[in-house]
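Labels A, B, C and D are assigned to the chains in the order they are written; within every chain, residues are numbered from 1.
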């Protein structure tokens, strides 16, 4: 019913990407299933081929696309190195670039992210860079071969919502790549709103992991993302300052 | 999976109520079906037992609860008269009280609404009054036997969203009746947010009727309401001013 | 430069009304002076003609209009009684009607407020009723002789700001009486915004009393209210979705 | 009363900077005077020493600091060249860096802006770069010698307000340079809010130029900025979810 999102040549029926950074490994299969996600991020730190029982990859269902992230990288060089280690370790060719040197707000370094994206895209990776929303940066990412752009809605893990809405709106209007809102989304309603604005997808992690019932919350996000996408496609009605009668007035009482 | 909403002794699996005021009659069956709604409002003006082919009731699926509204009433007396005509015409005992004398914003008259609610509740109706959100008014409605309270989110038909959020939040906290947000909801994300706040249900009409694809929009609202309710029940995580790392930092690169 | 506000036949140069409920009496003269307020509310509880050194009225500068409020009243009858006691005690004929029976949010009872307003206006008082914003209620207050309407922006003492903006906007558009935003304003920017919307005045109490430096905060509110009123009169420019170049592009560099 | 802002060794009593891009030259003296601004930006395009009667500089009061901007520059090299031409033409050593290659939203290119800032700061300019708000970019600007950081609140000329509030808040917390909000501010209340958040100053142009009465609007902004700064210094009170009684309840009525 809904048209698929295509990234890196893969058709994705689900527009909810799932982060796993805050989950104990054993919860991952149930949450992935409830979320319907087909793309799952993992920190490469948690990938350990020597200890399979600890290896987070074993907890990600086999039909998902694994998207390792480069968390821990403080510059482009480190991000590139992590990405290549991941591919060598069998994690595939998708990578989410995270370059962060700020400890309080964990905000990305857009410059280093562009550099890493350029190098990895040229090396055949499907690169999804995580950035502070900035139109000029997004244009450069497009130029150097990014597969999508992942602007933050608010600081990672804050559950604060779409605080950068104005800038995300501009990216959606101006950039032809898929715009995937990553970081900050704290409620299903916020995920739905991002989709209604025309985001191609959203990535959620903390909002599900910190819920009292993560599996139920994953299911809620699944539906909210579908609802938001369907609303975007259904061409929402105009917003008016004044009221518009929605019921025809029951005039016959006037005639007494 | 989700616990039912009980109003007037009826268990409702769906928490999306559907208004029909802006639909041509022939579209109603498909929209009701797509929305999953079990409660459907109709203006009594459109109920005409003498001309069944015109009678809107014939377009509402038989397993739905019909909730006639008193649109057109300018005071309690008129609302009571419309409600009784409706019951006599076979529309059942549910009634949404609408008393409106303002032509520009179509805002309800809370005082007259309380009076009509009291009289109709005493007469055995299941009364759902539509009001401007006001805690004192809601307490009185509770005292006189309302089955739920239906505060507006924004002027009818405006698609403006939850402009009265602060007052709705207070009603949800303080009133033990179901709080059903009616009027103003223009997007599925707004319906989801109302549910996340703890609303018992939402009533949608214009947002679906004015969409380019009403049936698809009805489906979107269905999912959004389920998502919002599920999120409310899943106990959402806290919101923080600062970031919280969601991926464990990839420390091994530090050791070079 | 700015046209005066006229209430009860009095011309007011200042559009900042000052509440005193949270101030120790000795601070009042300095705060009133810094605020520039010409209308000052006092709770009649604090008026004690038998103990002049305790009597709050002695702390209000003589050129201010004293506006006793009926705080403590739970219904119209009590409000009327308090108002008459105040006038008998020499507090003049202005009165702010407060009828509150809710202990958690301290929200006003609009119905009882209308009754008290009607009785006191007929008895020659200049009546300024404090209400939850509601167009129908404001129309009734206008009809029964209120001198202004004072809708709340948020619960008293919360410093939450203009949470009821949508409803206040409608009152300003539809009601010919002065609309004075009372309760909830927590920052000078919020007072300025209310004035930019066309409010006739604002009443501030908690935001000044709870500041670290109340006298300086009173001065800040004085300027903010003037700024907001001046902006309203200066006819603000349109808001645009896209950018508009504000500097002519320096084209000569193009010609190299 | 308010402590001065110090930039480039100059003490500034006024925290309202004025842009002139949208004004006819003859209006500038009155608007500058009404605004109280001590720093005035001009596009170098409008500086023409050969035709003094056309030269915008002649319209800027002599006691103001002239801050030429590099509007028209599409990259760092062009910005540097414009800045140097301006200094050579007698415009002094302050410069606002604007590097813009996007025609629809006129958003700045942060990367090129850093480069130009570095070169001009090393050459003795007092450099105030205009940027999309980004913590990493601000840190780099600090490192290369910027005198302040000027993040946009919304696209230039849009009058949309503080749409990037979350990111500006972070810059204010994390960066020790003055943060001056530039672009997007459309109302005095928004200027006041920026100052309450701790911004060092705001730059306004379109909001004044597009007002029906620009001189009156300039005066309004002057007061609003003073109000916001005073409020910031006065240590605003806390915000609460619930009400706090601001008037002592008039208990004596209870004793009947």
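In the analysis below, a residue touches a chain if its C-beta (ideal position, glycine included) is under 8 Å from a C-beta of that chain, and two chains touch if they have at least 3 such contacts.
Here is each chain with its UniProt name: A, B, C, D = Thiazole synthase.
These numbers were taken from a predicted model, which means no experiment stands behind them.
A.B. asks: Determine, using the mean of C-alpha atoms as each chain's centre, which chain is farthest from chain D (Thiazole synthase).
C.D. replies: Max centre-to-centre separation from chain D (Thiazole synthase) belongs to B.
A.B. asks: Measuring from the mean C-alpha position of chain A (Thiazole synthase) to the mean C-alpha position of chain B (Thiazole synthase), what distance in angstrom results?
C.D. replies: 32
A.B. asks: Between chain B (Thiazole synthase) and chain C (Thiazole synthase), what distance separates the C-alpha centroids? Give it in angstrom.
C.D. replies: About 34 Å separates the centre of chain B (Thiazole synthase) from that of chain C (Thiazole synthase).
A.B. asks: Which residues of chain B (Thiazole synthase) are in contact with two or more other chains?
C.D. replies: 104-105, 107, 155, 160
A.B. asks: Linking chains that touch, what shape results: line, ring, star, complete or other?
C.D. replies: Looks like a ring, each chain touching just two neighbours.
A.B. asks: Give the pairs of chains that touch; include all such pairs.
C.D. replies: A-B, A-D, B-C, C-D
A.B. asks: If we count contacts the way the header does, which residues on chain B (Thiazole synthase) are in touch with chain A (Thiazole synthase) in the complex?
C.D. replies: These residues of chain B (Thiazole synthase) touch chain A (Thiazole synthase): 19, 21-22, 41, 43-46, 69-73, 78, 81-82, 98, 104-107, 155-160, 183, 186-190, 192-193, 196, 205-207, 209-214, 216-217, 219-224, 226-228, 230-231, 233-254.
A.B. asks: Along chain A (Thiazole synthase), where are the residues that touch chain D (Thiazole synthase) in the complex?
C.D. replies: 101-102, 104-105, 107-111, 132, 134-137, 139, 154-155, 160, 163-167, 170, 174
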